[in-house]
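Notes for the one structure printed next.
As written, the chain order gives the labels A, B, C and D, with residue 1 at the start of each chain.
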């Protein structure tokens, strides 16, 4: 496998509605920012890999066809990835594989969602005739899984509240975020409306417009730019069926297998010690303790202890800060959310995460999941090539 | 028509409406035909080592990736695998919040489906609880899961956690 | 299978599309019955205005006003209009290169089947009430005699 | 990109309406067949699985998610999906193998186009401000392109009818899965009424439901399976501007470029399977690929005989591979397309091992 590194990162401002741009304008903005960050122009890019969640969010079918001009794709290969909510991560990995295969030297990858064009709830709950299932929305699907987690682990009921506060306080350090809540309190979260017990309004992610892009280059080009390269030390994807008899929905096998794969590639056997921070897809607060266990940061049933002890909090000086950027709980342009995790992990490693920088971070995990917590994409990035 | 330039346009409304003629798949058709008759019927693949019974079956034993060819009639009794209390209304559904949406495993099946619970105290609903289907009057039956209006609690002992998803069609009470 | 369970359904939402400055300017001008394009990096004028140059991807911002009449570069005849089409009687789709533009645009032409030919002159037929949509141009029609460029 | 072996290929019949068949039920038979040809059980026996599909064909978000139910993905598998024709799922899989993270892969594409009105659905693939609100359908845009070729004298209506006549005859002779097959002369075809002039109905591919699947592997792994295989020697794909007014519609610049990068001209092309949904596009593509009379074009009948949208591109590659695996030919070319008027094109060169 060829070495590959992130040499440019570009994000847009995340907002409930980016009313100032077209879809093409939004996507171009992130891509242009990534090129500027890498000190490159469109001609320097050999291929473009784009990802987003369902086309119904914007009602443009296979929008890469229309976006080709905004992304300088004339005469270039362009690939469109769609793996549900994990797509931001998968897209980054597919982009990396263009370089790691030796087939390309430098590629651009972009993900986006302009959810304000529609109403995300509509697009996901589009009723099809003869559906044998009751549709209770994403919260109705995930809340029972969290309840089962609480039963199994005996986690205190305010664990979710703690995560909601922690990620918003992190997020207040990141000017790109949609939600800016520097004064949020445990009480405010607790008092927010209960939606799908145990999920309160302030324990849920927002719906955002935004795009994220990265430039990925091979070993020979990695040092060409103004920024230090961020080396991709491991990347993995896993999928399992939405429903099968005996599936552990609380601690899915696909997540455990995926992270084991990515740690093995990166030579990690003690993630809490060897990783400096992690950007993990937590759209509902309770998923932090669940993923702490799934990703091997804590023993099964113990994830909530890390959260409650402040181990994942930058403000509390935790040893393994999670979602220093504010995470999905602060900005959620669905198709881009996974790539934002990957890109923010890379920002930490190159030391330019601004106010939410973890001092001296050298190795970080980026994580995304999607569907009924059945699709996973993860990478580990580092200052060191090997 | 005014010559005034008016406000600069920043947004447009774009209706995108497409018509489809949807046809249910074979497994769903078989399932809904039974639901139309007031019966919950699962499916399995007899050759599968796992022997798992899916309901509503989507066409395959998802673990093995092969068609579920055999029908297995299930009863009206089920076990609560997990649940949520929902505080927001479901579009086009008359049920008023707060209400219970539960993952229920019917006796004889090995997988849960999501349905409503009612005739219960929301605060006392719990994992492992026994429930039964309350069907609409026969004349209202259609090819739809809401032929079952909701599930309501049964006065039976709870199913131990490790047994959820493995309760045989004969039911649980006999083994309590 | 004893029975086939089929049902019509409509998948539909009304999307609120923010236009950004380039598309927004074009639509704002359309509402005034004026047509503008953008000049590409190679000097070609694109109508409707492209936001980004199709070759260099650079953001375009030089607007050029063009005429509301021009020439048919290619066309097809829709003998059986679809429900979604803007007309329910036969019409043409065409690539129309407006005077002052270098790149033709796709729009409808309403004319007799026998009138249609490549190179024909056409003129925009404006909606009675223009609202800032591409459909403010209802269609193009054959240009009146003697009204050439 | 490394040489990659195509070891098996399966395709369903092209049916105007697959009726009571959901995604899983469409996919399972072709996946099972493609795997069984190599003696594999399910996706557990390959290192990577990748698929191609489009939500809007059947009108359901996340249409591909149910596909995972057909894979036997327990324990979990390495899997990905492109919202594109499965030919691009093949491309992603080849990258995965070339980078060394897999030695074999299962690829599948599926589409149930029958529930909707496909040409209208595809109008919503176009620029959402300038074109989608006009509801310009995909057939009409292709007709604008055909007119450019006719006006410039590059082709005649006879040439277009000849493509259709040969497609139907080839489908009758060679393709049991075809939807449209039979003997029909150029004169008979030209006697039919125009539909979206200059296109007649027969100039346009039919709308079909179905799926196709393929197993690929490193050459070493393919050898170990002890079965005949074809080798993908070159593959490349290129995008063009979405603005059809800015393109020269009489040629396919992106196909020319992809053909050059894939090395089409490095040897004789005995067979070419081209994803040309409209008769005149077959001529554009043949010219872009530099093919002449020595190449047999679309022996399967191509997509004019049946178009499994989102699987047709993969099927073209599979058809060429099958000729090589059967020992009929030594070298062939396959092509896939996406977008209005051939906006995006993929070219693969396959050879005997």
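In this text, contacts are C-beta pairs under 8 Å (C-beta built on N, C-alpha and C of every residue); 3 or more make two chains touch, one makes a residue touch a chain.
Values in this document were obtained by computation on a predicted structure and should not be read as measured data.
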Chain of greatest Cα-centre distance to chain D: B
C-D versus A-C: which interface comes out with more C-beta contact pairs? C-D
In angstrom, rounded to a whole number, how far apart do the mean CA points of chain A and chain D lie? 33
Mean-CA-position distance for chain C and chain A (Å): 39
How far is the middle of chain B from the middle of chain D, if each middle is the mean of its Cα atoms, in Å? 38
Multi-chain contacts only, two chains or more: what residues does chain A have there? 19-20, 22-23, 56, 58-59, 69, 74, 123, 126-130, 241-242, 244
What positions in chain D touch 2 or more of the other chains? 19-20, 56, 59, 66, 68-69, 71, 73-74, 117, 120-121, 124, 128-129, 132-133, 241-243
Give the residues of chain B touching no fewer than two other chains, as numbers and ranges. 10-12, 14, 16, 18-24, 26, 28-29, 32, 58, 62-63, 143
Mind pulling up the chain C residues that touch chain A in the complex? 5, 7, 9, 11, 13, 15-23, 50-59
Touching residues (chain side chain C, partner chain D) in the complex: 1, 4-5, 9, 11, 15, 17, 19, 23, 27, 44, 46, 48, 50, 54-55, 73-80, 82-86, 93-95, 97, 103-108, 118, 133-135
Listed in rising order, the residues of chain D that touch chain C in the complex are 19-20, 56, 59, 117, 119-120, 123, 128-131, 133-137, 140-141, 143-148, 151, 193-199, 241-246, 249
In the complex, go through chain D and note every residue touching chain B. 19-25, 28, 31-32, 42-43, 56, 58-59, 66, 68-74, 114-117, 120-121, 124, 128-129, 132-133
Residue numbers of chain A touching chain C in their complex, please. 17-25, 28, 42, 56, 58-59, 69-72, 74, 114, 116-119, 122-123, 126-130
